[in-house]
Amino acid sequence: MSPWVLAGLVGAALVGLGLYGLILHPHPLRKLLAFNLIGSGVFLVFGIVARRGAAAGFSFDPIPQAMVITGIVVAFAASALAVALILRLHAESGRVTLDPEAWTKPDDGAAKS
Amino acid sequence: MSVLPFLDVALALLVVGLAVWTIAARDLFASVVGYVAYGLLLALVWVRLYAPDVALTEAAVGSGVTGVLLITAGKRLGAARAGEAGPSPGLALKLFAGALALLVAGALVAIILILPDPAPSLAPQAAAAADGPGAGLGNPITAVLISYRSFDTMLEKVVLILAVLGVWSVGADKAWGAAPAPLGRRNPYGATVFLAQMLAPVGAVIGVHIFWVGADAPGGAFQGGALLAAMWMIAMMARITEPPRVDARWLRLALVAGPAVFLIAGLAGPLMAGSFFAFPHAFAKPIILFIEAFMLLSIAVALPALVAGPPNGRSE
Amino acid sequence: MMPPDPTTPGGALLVLAILLPCAGIILSFVLGGRNAERVALGLTPFGFALACAIAFHVASAGKPIVYALGGLAPPLGIALRADGVSAVMLVAAAVILTAAGFYARAKFATPEGGPESRSALTFWIMLQAIWAALTIIFVGGDLFNLYVALELLTFAAVPLVCIDGRPETLAAALRYLLFALFGSISYLLGVALFYGAYGTLDIPLLAQRVQSTPIVWLAAALMTGGLLAKTALFPLHLWLPPAHANAPAAASAVLSGLVVKGSFFLTLRLWFYVLPALSAAGAANILGALALAAIITGSVLALRQARLKLLIAYSTVAQIGYLFLVFPLATGAHVWSGIGWSAGVMQILAHAFAKAAMFLSAGLLAEALGHDQIARFAGAARALPMTFLTLGLGGLSLMGLPPSGGFSAKWLMLQASVASGQWVWTLPVLAGGLLAAGYVYRILTPALSEGDIMLKAPPKRSREAIALGLALIALALGFAPQGFFDLLEIGRPLAAGTLQ
Amino acid sequence: MSHLSSTLLVASLAAPLALLAACFVKNWRPRALALQWLAPAPGLAAGLLGLTAAPASFDLPGLGFTLRLDPPGALLLAAASLLWIVVTAAVWRERAPDERFGLSWLLTMAGSLGVFIAGDLVSFYLVYALVSIPAYGLFAFSDDAEKKRAGAIYMAFAILGEALLLLAFAALAAGEPHGSSRIADMMAALPASPWRDAILALIVAGFGMKMGLIPFNGWMPLNYAAAPIPAAAVLSGAGVKAGVIGLIRFLPLGVPLQGWGEALAALGFLTAIYGVLLGLTQQNPKTILAYSSISQMGVIAAALGMALGAGDISASGDVAFYAANHLLVKAALFLTIGALAMRGAPLGGWTLALAATLALSLAGLPFTGGALAKLASKAQFVSGWAASLATLSSIGTALLMTHFVARLDAPPPDAARECPSALVRFWPAVALGAILLPWLFFPAFGYVSKALEIAKIWEGLWPVLLGVGLALGLRRLGWTAPRVPAGDSIVLFEGAFTRLLALGPGFETLDARLRQWPAAGVSLLLIVLALLAAGVLG
């Protein structure tokens, strides 16, 4: 079994685990962790593609690897934004639930301005 | 038969095991810690995939900086009370969602196994172009990031600015302009301070080195910048320095330096080399290094800003 | 051997159209305070002019204009391409963003010499970021580059949702962000598979190479799923109503009118530009079925809302459904698929303008009345005639009554359904129109009845005029001449004409 | 087409629209609304010119619109323009109504005139929507529950009719092989269209809703009872004719369609009889007139059905004449309610005679316009059963109209206030005009002398006498019809609608469930897997 196949299995497993967690964990921070797991699984798929593309004296195809680097930075930025929102929500309301019903207030919908 | 395959399998099992832990752990904080450890091991997987640049990035950003971010968040949220975020889903839903996730993962495995052989690759084109637009860069990744797909990279830097502003924007109105809350405790542990005093200067030097060699060897602005960012964050955790005010002019300039210089260089392309985002052969390497230097600065500032969070009016 | 540089005359405009708002973001961020607003509004005429110039070039050249960045042709480099649809969308986005910007001055202005404020800086920069992201999405030619643009769009949209900082808006923004991330990671996995299969992410190159293999189908399924999540197609709409209903009016207008169209546009790109060679009837019917469910459910839910902004937000859920009818109605290379294609694009435009106008009016209404409870609108139409005229005209387009862009879209959709023998799609088109009439009636009837009403403050005439202007554009689309529809055909693969 | 008539044709649509545009300037608005009585003048001129001219089309450059004028359209255009001028001038002379009403009036007028001259699908749909939807503003802005109800029901039928027609028109456009959007070209292609039956069903249902054919008749009595008298006059006179011109334009009259023709004729006769019977159960004179309209529209539908079955293209002129007569007479009858209510004095003498003559004109009383209308429609009712049914409907109409005249003593409470005083003063002229004007128009369609033959006079007279006699006899016997609520079958629709509303909470629950995060996540995966399966297996 070549290493990239193994990495492929790991990548798929990470995607599967992450999907499970992202769908089922109620806590948004746990969802975020699950999202990052899926993310690293997807990046591994790029890694496999890069590794299989070894040619012309390169031991990898540089294009997908460069994409992974960009992707990691973007994923981090997303995590930071999500964390900021979670913390602020927690500080403002003491709750972090995403349940839509929990936030429907019987107010008159007055627009704050 | 070498021992490597066994090591590979062990590594893979460990990574998946930690991922399972991250998902299955009951406690929020335990899950976060599991994820940070997972990120470090994942860097090793990248080494095994002949991706040292990605490994460095994963270690620095994916594990290091993300780790600080998540652990800080986990701490601030405190021990999550059971059911605080809503009820746990029922067994039937768990089974159903699990089955669907398994199906998707299974489909992915099946597809990965039948990826075409020989694999399509842009490596030959990249090699051919090394004499052209990416002139003089020994590290093909850097050539891709700063030259062939420079447009992606510049946009990604704009994304970072937006993320910083987005993080800042969730703060309170009256706190606007102030500094974010300190990263470390009021009385930092002696060990943290010691570590910061010892490590930070060394780390900073290594960071600059990684950037400098990045043109030809693994490394570059991303990895170097991430390391610099990590060092600054350690210093902040040790309370040697504090997060800067969000209205500090120098901070804003540093944040936009990378994309701004990149944008100007890209706009100057038609004058220099006949096309936007093109660089003249003779000066490609110095120009790229020049751009990268500013990107290093922006990354080194942006990542800690993202971790530090929105401005906070209170002093402590 | 490098392929030749495919850049065409006028291609440089595409780069400038993207870099202009990017430069605006950087400048606004550094200069801060009142300057952010000055930069954002000051750049709007230039952005609009660039969009018009691109449209002019495409129309006069009769073929797409292309720019290879860095002089490097795909697959190694990234190319930008503007075809007829791109050009039209660029102009529409420029108009709506400019309108939203000038409308928002009342709320997000920084007084001369006043301190920089959180919400103002965020709003002006994110507005430009949406402009930048949409421009890239409309002209981007590389699937990974488009991924970065999608993220740019999300990162710009999320802070707008929670810009007023109330906990429920924070929760809405968080739900939006997390689900959008779910979508983008799914999209990115599809991108990885496309690269693994064909070694390129350039749209025309992929279109030449793709074959009906499991890899392609999985990649397409993942990308589509991700894009649907970002577009909030029913039943993936969980984030939309609270996010769009709670944002400030100017932001809601942009979010509902334009931002969801960004990911929808990429869905179009995927199926009609990357995969035109595949027989995708099955996928098209799945999307059509979801569209049907979206139209019915979204409209019924809109009928049942007590708050105007929530009503309009649910109406967006329904109207997004209409967008996806383009898949069963324009797939393949038939005479009718051209009609379906025109219908789809017309629906994007008509909804963008009508919905933006309605959200802006709803904002004026909420400010003038201090609430947006429909049941308490009695007498409001007499007090705010221009605002309600705008709501009515926007509603006219949503209902699909002539003359309006909404009518043209429905008219063409019905024709395409009948001509293709897919009568089933006439059902959602007609039922959606009836239900839309119902909810527009629900807004207007109480407002037109007698009642005493106390205005907290009369709205500024200029802001009313902006909203009315957008509604009138939605109406004017109903008079679109044949040349407009010809423009939409430029660069469309498998256009019926090219087949014969 | 001559320069003059094409100019007039464009002007008949442009004049109301120009006034509408002027309304956007606040300072001009009152003046523009007050001047709108002049807006139909070009339409009147164009209609009169077109009465005797050959059919002609005129393409509006740039917009892709086509205007078309043929004698049937011209007649209806002229009659409708005249009606709009008279009523509008009277209403605004008294005192300007509020702007909301004024704008609705102007929009309805524009649509009402436009339907008779629109030559292509899209512009027909546009003006048809104009004559249908803004009319809501003529009666429904009120706190009165019954008026609100009437408004909601009117709107529901209007929109539903629009939807059916939209589908029909789209199918017509899709079936036209050369990409033309002219109605005439569509009709040429229709008999061969693969969707012919579906289109015809949609056309009949769509326009049938406007005309109040059963079972879509229920909105009309509610509408006319709720509308102020001037509005009821223009809606019942001119507004409803949009449905008639719709059937004239969109039934392929040149090609015999046996099954369809008989079905439409049967529906029409059924409606004609039904309208009479239900009208007899009503007490409010406005409601009685509404049922009479239903009945008369049934006669028109029956005539068109016979023509459709026979493939008789000339029927359009005859039907248009019948409709034009109804246009004038029905509007005058509504004004009669107001005029007589204002006089207050018990009905008698020449007033009674004039009102009765006007009313019986609908039944074809000799020497009235109605006799000519009946003569025109005769051409369609040649076969035995159709002729008998037509005669039966005449008897019924006479019966119903006698009932109406008898109920003029008890007008609805607002009748006197709603009617402009100018119309009261000029009511005799209005009534006489409605009785006699058709004689001026008739030569364009037939020979007036025919109506003066003794046999024809008798043929017209005896059903009227029978009907009136029947009515008086029943009255003498003290027989009263059972009371049926106005709108009869509408309660069934309302009930069905209420049951439909009960589905709403179900949708809300569904939506709340699907908006739970796990449900949405699972949906996303299901969609991905479904798309994958569709691709791999398909």
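The chains carry the letters A, B, C and D, assigned in the order they are written, with residues numbered from 1 in each.
Quick note on the criterion: contacts are C-beta pairs under 8 Å (C-beta built on N, C-alpha and C of every residue); 3 or more make two chains touch, one makes a residue touch a chain.
These numbers come from a predicted model, not from an experiment.
Q: Going by C-alpha centres, which chain would you call the most central?
A: If one averages C-alpha positions chain by chain, the most central is C.
Q: Have a look at A-B versus B-D and report the one with more C-beta pairs in contact.
A: A-B
Q: Compute the distance, rounded to whole Å, between the mean C-alpha positions of chain B and chain D.
A: 71
Q: Just how far, in Å, is the C-alpha centre of chain B from the one of chain A?
A: Roughly 13 Å, centre to centre.
Q: Please tell me the distance, in whole Å, between the geometric centres of chain B and chain C computed from their C-alpha atoms.
A: Roughly 31 Å separates the two chain centres.
Q: Just give me the whole-number Å value for how far the CA centre of chain A lies from that of chain D.
A: That gives a centre separation of 62 Å.
Q: Out of chain B, which residues touch more than one other chain, so two or more?
A: In chain B, residues 89, 93, 97, 100-101, 104, 107-108, 112, 115, 119-122, 126, 148-149, 152, 156, 159, 162-163, 166, 170-171 touch at least two other chains, as defined above.
Q: Note the residues in chain C that touch 2 or more other chains, in rising order.
A: In chain C, 76, 144, 148, 151, 155, 158-159, 162, 165, 170, 175, 182, 189, 193, 196, 199, 214, 218, 238 touch at least two other chains.
Q: Would you give the residues of chain A that are in contact with at least 2 other chains, written as numbers and ranges?
A: 15, 19, 22-24, 26, 28, 32, 45, 48-49, 52-53, 61, 63, 67, 70, 74, 77-78, 81, 85-86, 88, 95, 97-100, 102
Q: Over in the complex, which chain B residues touch chain C? Could you list them?
A: 107-108, 110-112, 114-116, 119-122, 125-126, 128-129, 132-133, 147-152, 154-156, 158-159, 161-163, 165-166, 168-173, 176-177, 247, 249, 252-253, 255-256, 259-260, 263, 266-267, 269-270, 273-279
Q: For a test of understanding, state which residues of chain D touch chain B in their complex under the given definition.
A: My answer: residues 518, 521-522, 525-526, 528-529, 532.
Q: For a test of understanding, state which residues of chain C touch chain D in their complex under the given definition.
A: Within the complex, chain C contacts chain D at residues 175, 179, 182-183, 186, 212, 214, 216-218, 220-222, 224-225, 228-229, 234-238, 241, 278-283, 285-286, 290, 297, 300-301, 303-304, 336, 399-403, 410-411, 414-419, 426, 430, 433-434, 437, 441, 445, 448-450, 479, 481-482.
Q: If we count contacts the way the header does, which residues on chain A are in touch with chain D in the complex?
A: So the residues of chain A in touch with chain D come to 19, 22-24, 26, 98-101.
Q: Using the touch rule from the top, collect the residues of chain C that touch chain B in their complex.
A: Residue positions touching the partner: 1-2, 5, 7, 12, 15, 19, 22-23, 25-26, 29-30, 32, 67-72, 75-78, 115-119, 121-122, 125-126, 129, 132, 136, 144-145, 148-149, 151-152, 155-156, 158-159, 162-163, 165, 170, 189, 193, 196-200, 214-215, 218.
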